[in-house]
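Presented below are the structures under discussion, each in the form of structure tokens.
Each of the two complexes below includes chain A, the first together with chain B, the second together with chain C.
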Partner chain A sequence: MAVIDTTPPGITNNTQAQECRAAWSLTAPALVLMVAILLLPVMVALVLSFTNYSLGNDGFDWIGTKNYDRLFSRSTYEKMFIATFTYVVTVVPISVGLGLGAALLINSLGRFREIYKTIYFLPVMATLLAMAIAWEFMLHPSIGMINQTLEMGCGTVIEAIWPFMATGCADGFPVWLGDKRYAIWVVCFIGIWQGFGFNMVLYLAGLTGVHRELYHAAEMDGAKSAWERFRLVTWPALGPTTVFVVTISCIRAFQVFDTIEAFWPQGGGPNKSTYVMMFAIFEKGVQQNLIGIGSAITVLFLIFVMFLTLIQRWLVERKVHY
Partner chain B sequence: MKLTATAMALALTASAAFAQDKVTVEFAYPYSHLFDVTYEAMMPAFEKAHPDIEIKFRATYESYEDGTNTILRESVSGNLPDVTMQGLNRQQILVDKGIAQSLEPFIEKEADFAKEGYHDAMLSLSTFGDNVHGLPFSVSLPVGYYNMDILAGAGIDKMPTTWDEVIAACETMKASGTKNPIFWGWNITGNWFMQALMWSQDEAIVDNGRVTLDSPEALAALEQMQEIFTKCEMQNLEWKAALASFSAGEIGMMFWSTSALGAVERSQGEFVLKTGPFPGMGETPKGLPAGGNAAMLTSTSDDPKVQEAAWTWLKFITSGEGAAEVAKTTGYMPPNKAANEVILADFYDQNPNKQTAVDQLPLLRDWLAYPGDNGLAITQVIYDGIERIVTGDATDMKELQQEMVEEVADLLPNG
Partner chain C sequence: MTRDWWKHLILILGVIVVIAPFYMMVSYSFKSPGEIDRGEGGFFGRQELMIDPRCVALRDPSRDDIAAAADRFPGQSERQIRDALMAEAEVECSMHPVVFNYSKAFTEAPLLRYLLNGVIVTVSIFLLQVVVALPAAYALAKLKFWGREAVFGLVLFCLLIPVHAIALPLYILLAKLGLTNTYAALVVPWTISAFGTFLMRQFFMTVPDDLIDAARMDGMGEFAIVWRVMLPTAIPALLAFAIFSIVAHWNDYFWPRIVVTGNRDLFTPPLGLREFKGDGDGSFFGPMMATATVIVTPLIVAFLIAQKRFIEGITLSGMK
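Moving on to the complex of A and B:
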């Protein structure tokens, strides 16, 4: 270093230091904001998760990992994990699959494309909370539209061939929102209904990037059927889109909250069957003012989301570059 | 153009001057579906009597739990309203934390406070450590709502007085084709009906700072609920959906607070509605918890004008014509002698359905608060426990009782 560097040390150091200062002062606002708005709250939540702080109290006690012990030992939180993962595992594949299917169908259309796009995208644009209230009316067990429609099938041939209809006609149709067997699936259904349009738009964007020539080449190489063309060209070409869509869907599924808050403001569904993580955070941290346990769930939630993001980074870097 | 500008400027200064003379009192209340009509009915008279006070309504609380919680949060962030309506069993925590102010200094200044209809029995609901901290605004008791058409259709001519008779009525109704004979309002504020069954047996759910969920009376209450839910095959309806179903004439019997009577009557379909006393466990109930809410002063303003205006508003809504509106628009009883006996003298004769709760007044007991900071979380434990009976998830009541006792013990201050 000393041998090669023959310029007077003072000048270089000066310019370097100046550039360095300029660089820091230019990035400082962004850094400060990032720390203050993003990192600091996360750190505060992490610290609070080791306390029993309750909003409105002057002080708190350190209780170590007691909050986390509770998360993994209490049946309430077991129900929380079951509800959250059931929702994610159901909603993500189906909404991604439907999104892809709808995108392919729309892409194959010559006319009416825009109309279909708009229709499928409508639920995405609507506020989920407002939609949930509309669903609540429709799902009312006796005066709701859904059960009244089902009742019209009573006495017809449908009743004979579908056992669900037969029991429904005899003993009344399900209390969709009050029955622990149905509640989580109702929420899943609404989640899919609301979310797949968004995935469809992402896939439509991805499809515009697939070159026509690739299809011609595949056809010349003997890929005759539509399925072959999809398997060999479309699906691999959509790889990066799929990774993105799946990650976004996962994160959105973990964040589900509006429907549950609208349907069951107290308790998180029958027997806590729809007690998802976001609702648990809200109930503990905001409704009951138990900041400690609320923070612990938040930290766990962040870990899940971080994990998903890391998987996505890894997949994008390793697997799906063409 | 210039003229309009001048006119506008004039109007602006005028309204600014006007606004300066007015004192603003910020106010928040729960259950908009019950009380919106009440405050709408009160406002014209108040504005006429006190033109210098402006009442600013904040967003309503969804429930008592939400109300308490909102106030606790607002006290941390420093934007408390001047007057708030709180559930009778949620006053304690606000007094303990020093958020609700004592009303004694204001009461002392009033010359004939007792004459305005405030009497000790009513004030005792809001008295903590010899100091009155709130003025009860509306008091309710649990009652039975009966769809007389469905009952008559099933051949029942007498209202049930015990739960065994209720269950028998359920079975008769089921046999005659009513799909949905009963809604038993276990989910009303999560713990009120639990306290109702406990008080029926003359047992307090909180006794000397101890939660008595481990008592034989608590077990009897849980078993009674299980019997009602299973034998009547009660659907697990969300309460708003249940009220809608009852108003539509689909449910035969509904057990709920008398408070909803106004709302139910407003949306009632074509059937004869009658209310009856709350049935007992084998015999007439020995006591019933008072539901309802009280007005509390939470103003943080140093301005004596604001404090005085807040007190004026507080007094207006709990006495005289203000309190009478409560009975007229809801099913609540105004806990005010003057309003009840003078202004509402023939009201109850004309509205026999609203009389039921008044008849039950001798049974009135405190709606008890759970000790410590975790009252809301303890309520949730009771709610979750009862829900497991309704959905059929819990079948062994002794086991359920044990689980609830343990979970509550975790949440108690000395636990």
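Moving on to the complex of A and C:
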């Protein structure tokens, strides 16, 4: 700083000390809140996960790793892990794939790009809980739009070529949300429906950064087909976007809660098939006041999410273009 | 266009799936219960006058009413007067389904109160986030001080922690402080935005030092610099962050669900809708979808008006 360089040393020290004090008072509120609201709760969760604490009790007993043992031995929690990972493993690749597909299609169009973009982005903006209730009506076994649409296909060729339709027409179409074979997939579908527009927008932004010349160069090098051009130019150029999109989709998918709570306020779906981690934390920790077990789930959850983010940062720092 | 027909075909199929629940939500909010049950009436329903049974039941004439109305119907028996009064009630209680649905949405539950709460909570969260994050971001970007690297490292670490994930310990702390079921519980956990701090710090790095030096020459203190010099330069970035923050908290359901139990005066719009669903019987699909429409509409309309800004704001986290 030019001003400081020209001043005598005594004043420099003084100014520096002043700047230091000002800086600390400016960062103090943020610092205090970060510690109190973010770090302290992480510590609290970690400590309480080794206890049998309940709200309203004066004290608690240390019970070692019993909470964690329970998480890894009881079938309820096995179902919780299965539901959570099924959701994440389904929703992330499909919503990223659809986002990329939609972005590529829209980007290659001359007209109507903005309209498609706007419409696909609507679910990202809409209150998920309200849309979950709208979907619940759509999926209503008798008056819902989906089963009514499917019934229109009865008696046509579709019935002959698609076994699902044949059984549906004969014995009635599925009770989507009440059937353990379908429940988790319906929730996944809504997750994809809600999230792919977000990924699409990120990919569209990424695509504007791909240089035209690269395509010409690839064509000169013999990449004739559209697929070759995509594989050689577009996909590598979108590498950083993909890393980011996958991470954020994972973190969002891990946090699924609104749809599950709206559809099954008690107990996480038919046969606990949609008992995801956020719902388990809510049910065990808040509703049933089993803080210890809720904290243990919280700790595992944090480990998953932090691990994912660290992988992403590591990939970004290495500037991986695969 | 002709060459691209298959692309449009795929995209239009996508559009149908994306739009379907919105279509259904708005359409149900226009229809009468009968039309919803039978799946008739197209998008707007037939809008035939319907009679609100609850309204009629409320106006069931008592003996006093019949006696009071006796001079309006001279020479008729009590039974005839009663029937005439009922007929009048039915006329006054009949309305178009759309009016019925939306008026029920606002009268069955204090929807206006919920919307107001939503505004109070989202706006206070955003303002507090700015008040906390902006000075810190400025200090981290432009001031040299002992411990700066450590503080910035802490911000980066906090970026790893999603607030929803630590909801349980936060809830315990708030419960211990006796703060559950207050506005504070809805707002306080979100006042520190590590992401906002990080974002504003990155933005301030691009602001030339000369601007700050000039302000110092004019005798401004550091606090004045933050609010009178840095804040105005940061308006575009803040606007994007505002959209990011407001959309997230208007739509948030998880956190309010945890810290607000039972006290309707504190319900945010999603909680209100949830409660509506909880005690709704079959005939209340219409009003419920009207409620859902009312809750979803503000953000959607704002989005349609300022699409570019919204997309920029929501995907802000992608610009790291």
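Definition applied: the second predicted complex is superposed on the first by the 289 of 322 C-alpha atoms of A that agree within 3 Å, B and C clash if a C-alpha of one lies under 4 Å from a C-alpha of the other, contacts with A are read in each partner's own complex, and residues count from 1 in each chain.
The criterion applied here is as follows: a residue touches a chain if its C-beta (ideal position, glycine included) is under 8 Å from a C-beta of that chain, and two chains touch if they have at least 3 such contacts.
Predicted model, so just to flag it, every value in this text is computed and none were measured.
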item	value
Partner chain(s) touched by A:L55 [first = chain B, second = chain C, both, neither]	both
Which of chain B and chain C A:T118 touches, first, second, both or neither	second
Chain B versus chain C as contact partner of A:I143, first or second or both or neither	both
Touched partner set for A:W24, first chain B, second chain C, both or neither	second
Of chain C and chain B, partner touching more chain A residues	C
Chain B versus chain C as contact partner of A:P265, first or second or both or neither	both
Chain A residues contacted in one complex by chain B, in the other by chain C	55, 143, 265, 286
Residue ranges of chain C in contact with chain A within the complex	1, 4, 7-8, 10-11, 14-15, 17-22, 24-25, 28, 36-39, 131-133, 135-136, 138-140, 143-148, 151, 154-155, 158-173, 175, 188-189, 191-192, 194, 197, 209, 213, 216-217, 221-223, 226, 247, 250-251, 253-254, 257-258, 269-270, 273-274, 277-278, 285, 288-289, 292, 295-296, 299-300, 303-304, 307, 310-311, 314-315, 317-318, 320
Chain A partner contacts - residues on chain B that touch it in the complex	62-63, 65-66, 69, 72-73, 75-76, 97, 179-180, 187, 190, 235-238, 241, 244-245, 248, 250, 373-374, 376-377, 380, 383-384, 387-388, 390-391, 393
Partner chain B, residues of chain A touching it in the complex	54-57, 76, 136, 140-143, 171-172, 175, 177-180, 263-267, 270-272, 283, 286-290
Touch list for chain A against partner chain C, complex	1-3, 16, 19-20, 22-24, 26-27, 29-31, 33-34, 37-42, 44-45, 48, 55, 102, 105-106, 108-112, 114, 116-131, 133-135, 137-138, 143, 145, 148, 193, 197-198, 201-202, 205, 241, 244-245, 248, 251, 255, 257-258, 261-262, 265, 278, 281-282, 285-286, 291, 294-295, 298, 301-302, 305-306, 309-310
